[in-house]
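First the structure, then my questions, so here it is.
Order as written gives the chain letters A, B, C, D and E; numbering starts at 1 within each chain.
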Amino acid sequence: MLRIENADVFIANVPILRKLNVDIADSDTVALIGRNGAGKTTTLRSVMGFTDVRGKVFIDGQDVTRMKPSRRPSLGVGYAPEDRRLFSGFTVEENITLPGAVAKLDRAEVAARLDKIYTILPELAEMADRPAGAVSGGQGKMVALGRALMVGTRLLMLDEPFQGLAPALAQRYAEALGKLRDVDRDVTLIITESNPALLKTIARRTLVIERGEIAEAAPETA
Amino acid sequence: MSVRLILPALAIVALALVPPLAPFLQVLLTLAMAKGIAVMGVTLLLRAGQVSFGHALFFGIAAYGAAFLAASPLDDLLLLLLAGALGAGIAGVLVGLFVVRYRGIFFGMLNLAFSMIFWSILEKFYYVTGGADGLRLPRPSVAFIEMDRGPYEVLLYYASLLLAIALGWFVVRFLASPVGQLFQTVKTNETRLEYLGVSARRTLLKGYVLSAVLCGVGGVLMAAAQGIVTPSYAYWIRSGEMVFIAVLGGAGSVVGAFAGSIAYELVRSYAAAFAADAWQMVLGGFLLAIILFAPGGLVGIYAAFADRIGARRAKSASKKEAGT
Amino acid sequence: MTRTGLLSATILGAALALSAPAAAQDKPESLKIGITTFLTGPASVFGVPARDAAEMLIEQINADGGIGGVPVEASFIDEGAGGEALTTEYRRQVEDEGADVMLAAISSGNCTQLAPLAEDLQVINLMWDCGTQRIFEEGDYTYVFRTQANATPEMLASVLYLLRQKPDFQTIAVVNQDYAWGRDSWDIFSTALKALKPDVEIVGEFFPAFGAPDYSTEISRLSAMRPDVILSTSWGGDLDTFVQQAAQRGLMNQSTFVLPLAESSLERLGTALPDAVIVGARGDHYFQHPEMVGQEGFDSFVADFRDRTGAYPIYSVFHMAQALSALEAAYETAIEQNGVEWPTEEQVIATLEGMEFQGFGRPVTIRADHQGVEAQLLGTTTTDNDLGFASLTDIAIYDGGPLTTPVGENSIEWIEALDPSFVDQVTPTTFD
Amino acid sequence: MTGATILLAIFDGVAYAALVFMVAVGLTLIFGVLRILNVAHGSLYAIGAYLTASIGGAIFAMGWSPVLAFPLMLVSAALVGVLLGAPMERLLLRRIYHRPEVLQLLVTFAVFMILEDVQRLVWGNQPYFESSALALLGNVQVFGVYYTVYQLILLPLVAIATLIGLRLFLRRTLTGKLITAVTEDREAAQSIGIDADRVYLLTFVLGAALAGLGGALASPTTSVLPGIGAEMIVLSFAVVATAGLGQIEGAALTALMIGLGRSFAVYLFPELQVLVPYLIMLAVLLIRPEGLFGSPAARKI
Amino acid sequence: MSDALLEARGLEIRFGGVVAADDVNLRIEEGRNLAIIGPNGAGKTTFLNICTGWIKPTRGTVLFRGKDVTRLAPRDIVRRGVARAFQIPQLFTEHTAMENMLIAASARTGRQSPLLDMHDMPEREEMARLLEMVGCDRVADRPVVELSEGQRKLIDIAVALALKPALLLMDEPTSGVASSEKFEIMEILVKALGRADVTAVFVEHDMGIVENYADEVAVWNAGAVQMRGTPQEILKHPDVIRDVIGEEIA
């Protein structure tokens, strides 16, 4: 599904990724763990095309290294960034459906996907008409997940979904991910996290990233 | 001596030799240094992350102050400089108290508004200010010695050079000092500044007043060299030009302020001489080329060059060592 | 030592260099003149035609063998580039290029700035177009001359012509550009009006910003107050805008307009300028000058200029021609008096003082204070279908002498001291 | 002031405000999305005016109907947007979005300087005046004072239509929503598939076309001559800052305040006329530091 | 009464419709480190913001050493001895770690001479010791942008300590730090605080940290202090387990 070959990324002349190699199979659920600054977020951002990558990135076997970021969602890639980044002027539902409209899906398809999203995340249906700017941080994380689900039919990348969530809410979020797995068996899931304990029940495979490289050992793999 | 310092040192020596060796550049360079001192004020604010599109205000205030004083018996260059700097400083405090509450585009626009108000007043109250024609500033005495044009201009040239060096030195020291470092943190993190128990506004105000004084000194020198002050001293295009020069030289660099203004004056004056009706286009193209291809400005180009030479030197030195 | 030592040495050197006397002159390879004119900015409506005229006339002079056998070489400086660029380039042309004579400037502000500089640089400067009367009233100059009138006779003639055309008006309003010319010209005009017709009431004074794009509000107010006369000394785009907007809104049918600079806008305004507007020409400059039309030099000049630029000459063109005539006359007279030798600068200056010369209008005299005395032409617009734009009728030409402030006096004080009888003392030449 | 003169002042103020708004709205739109204060906006305004006046003058002289003046304005605006706006965004601005604010501003300043000379080279120094549109609509008389229908009725209508149209466009259409989304967060927009480059291009072209339209609309009432761009841009800056950055309704309200302030100044204190926009700006920012419609940036700590 | 370092009385504030503080009363005693826990959006950060004057409450007062500081600006409260470290480190990103410290020192001493180079300040050694104390002496001369988040958090705290405060408020000092490092960092920190005689208040989600390093715990819920006690009491309370910790994890 996703292959990264020899990726080097520099930010302000500081190497963030060093010859990073990742290969993730279809339908896998992968936890990408590592300390802050190890390169987790940069890895996801590189897949989305927001960094200047030296090396190669393949999605579904297609070389996307030079593809515009905005074309990647059309490959079925959904991305929920660490800091939510909702469109605060739109309602929660508009936030979730907008990717569908951008991808020119027909109304029925958008409605069907929205239903699926509401099944997985019923709390979103309750706040559908609230402006996204007015939801709390934790709820925002849920909305961001819902938005990523709209087009993320092949590959879903969640950056630090539990960061800053109180334990009870984090647990709720983890449940939603479990439900997603029940509803959709095929989607490939990549979740970054600095606290691997939270992903124990979800991830099938754990990749540990250190100083921009995949560390050999993956000690916390179940 | 480090590679980087060679050119600035040579430049100062070369500048000192201009009047005897290249007198045709003397007036041009006097103006360039006057502007350079003013640009240094804009540069200073850039170090705090603020862009002013109205610093011509202080340039103009000081120049008009000097012109008014020159019409009185206290018509002496040193007094004019003092009065101009003081006037600009006081105006800096008054305007500063207001504008330091704002950041980014608002800061720039408010400065613009103040300078445009001053400009409008200069244009409007022409019985006092001479309107668009401005005020004459007849040649002042220097230390109460009357001078002819020739010696006066040579003296003014060296005065500008000395002031440029002295004020440049002072600004560099200020920026390295605790208060100057605090001033620069306004650019990166005001929240932390506040939580260090420091008022970002007051800190910014200190630098703002200094920048106003620098513009003032530049304005008086310019007026003394030109012999006339006009509202164009305070017009927004002039403020834009100062920012232009600061970026041309290397945004935030003290040396860049002077490198930029000398380059600007040369390009402008030769463009005006040889492409009289397309000089703006030449300058615009020059600016675009610098921003797109050398965003560090002239100083950035030089630094890259010096680094390369320095690296080569270091390499050859280490080779030698290895050889022996 | 070293900086102070160096400094004093340099000052000494410079002082020595300056005190060296000007050597006697051999015939130079060329007579270099520098001309400041607006090539950019709003005033380029005057500046560019004047430059075209200068180029054309200099080509003609050189084709005829130059001045005293010496070809003329002109370079132009853009006044629109701003004060520093202007003075820097002015100096460069004098000091480095060795310009013999400078023609500067259009803008009064630039004249104020350059006159002392010319004096310092000891270069002859002919003020060829600027109008401020202050320069010679507030200072004595050796090297600076003006080859045309100044604002005082121009405004005084306008007042006299207005009183002649419309003697019984009661109210007047002014709409002038907000800069020195607009203010100064109104000062002179209103002072003259108060002296010559004390019962006139000034009902409105508007000074919209220079380059204002819109006069709607001023026009609304003027429409509401309906003054008998509306004066505007505006020029260029500002005048065009004001006239167009006023004409469109019927204001020009309500009041008599006095536009002392409108000669330069006649062709551009086309049919937008209605009949019965009083128009001045800053001197006696008009391509249908009743005394000049039919004279060979004049007709061919107008025709040549039109061929070259596609437009009729305007007053700035005539001013330029006049300045070049003065230059030519001064050199040729000086050469003659010098026994066919090339004259020194001092000799040229001596010749210029008190010289009479003629451009494409009545002869001009340069007075002892270096101020030119020039006749003033005014007229009233009338539709001219052949031209496609208004031409002037009821033309009156005033001699410059009686209208020009006497040497050594201040214009405003001199005008204040005039009384209504002055109107009858000055009789213009009129044409039927 | 009597009631009648107050009304007259309001008419003049509204007509002027309409024109100011037309110029400022494009600048605000571009700033809102691209975060670039486009100094060259003034040049685009001037070129819009030049195109309308010169093409109009030429085709009416050839005997075409003066009614064409109105479609010509739209054509000129489109030309400015497509021929100048598009290359400017694609070739210059696109290279500097990640650069500091000052550099972005100076790039547009450089373009402004270049375009000033381009205008002179193309159109020369003589003012252009082409007022067929003004003449065509005629005058109306109010309290014995003639107003042109063009200024009193058409300009305000166009301004209001632009305001409402833009509002509807941004709120109701998908393209409008894409612009809004990119405005708020370029990267988040890209990550849901929005082609931010295209949105930027579209916005800039639209903003440039609005500048051109402003110029085109101004051309029948004013002389088009070198330098009109420089005057207009400072005024537009004042409007944008006073309104609150990127605030279209704010720009409308500010333009109205400036228009009315200016016309009342002409009636009451003519000497203050030039100062009015800046005084209004200072007064507003003193009370509301983020501008009329701006909201204080939340400082997240 | 007088031994309270900081005391909040009846604080109340709303943002839009959301109550962020609803009659908050809390005493912080000198020398007793307090942990604040609670679900997201409970108003923990808002409390720190009110205590330091960043936002003004609609009602209520904040007393520091018995003096009302409610209406003071943050800088004035800081000068009285309250320092703060942030969830997202607030550092001067163009400066090195040492320069950040020196800037803090010059803020404290208020040196004005424009001719003194900041690097020559007499406080330099003291700052070096502080950096050493938080284990960042090796990176003192590196720009802070190049450092890891964990290091930045520590430097953020060191900068706060450079002010020699009596009270240090920390917002999630170990968030974004890999769990393997958390205890290490807290270990360093608590030692440093003890040595410098600073009372600490910290917002924390990691109950392990709370259990080990807090003397007292206050539980926030819906903008109010729900309960308060020792870590042992609080972390076992059923309400806390339900609302804050989550049953499964507990």
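Everything that follows uses one rule, which is that a residue touches a chain if its C-beta (ideal position, glycine included) is under 8 Å from a C-beta of that chain, and two chains touch if they have at least 3 such contacts.
Nothing here was measured: the structure is a model prediction, and the numbers come from that model.
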Field: Chain whose Cα centroid lies at the greatest distance from that of chain A
entry: C
Query: Where the centre means the average of the CA atoms, what chain is farthest from chain D?
result: E
Query: What is the distance in Å between the mean C-alpha positions of chain C and chain D?
result: 37
Query: Cα centroid separation between chain D and chain E, in whole Å?
result: 49
- line: Taking each chain's centre as the mean of its CA atoms, chain B sits from chain E at a distance in Å of 43
Message: Which positions in chain C are in touch with at least two other chains?
response: 39-40, 178, 207, 209
Statement: Expected list for chain B, residues touching two or more other chains, is 123-124, 191, 277, 279-280
- prompt: Of all residues in chain A, which are in touch with two or more distinct other chains?
  reply: none
Statement: Counting only contacts in the complex, chain C reaches chain B at residues 3, 6-7, 9-11, 13-15, 17-18, 39-40, 76-78, 81-85, 87-89, 91-92, 95-96, 107-109, 112-113, 116-117, 120-121, 132, 178-180, 183, 207, 209-210
Query: Any idea which chain D residues touch chain C in the complex?
result: 4-5, 8-9, 11-13, 15-16, 19, 116-117, 120, 124-127, 129, 131, 134-135, 139, 143-148, 151, 218, 221-228, 231-232, 262-263, 266-267, 270-271, 273-274
- line: Within the complex, chain E is touched by chain A residues 12, 14, 34-37, 134, 136-138, 163-171, 194-197
- prompt: Hey, which residues of chain C end up touching chain D in the complex?
  reply: 39-42, 44-45, 47-48, 178, 205-209, 211, 213-214, 216-218, 220-221, 223-224, 236-238, 240-241, 244-245, 248-251, 268-269, 272
Statement: Given the complex, residues on chain E that touch chain B span 52, 73-76, 78-79, 83-84, 86, 90-95, 99, 102-104, 106-109, 111-119, 121, 159-160, 163
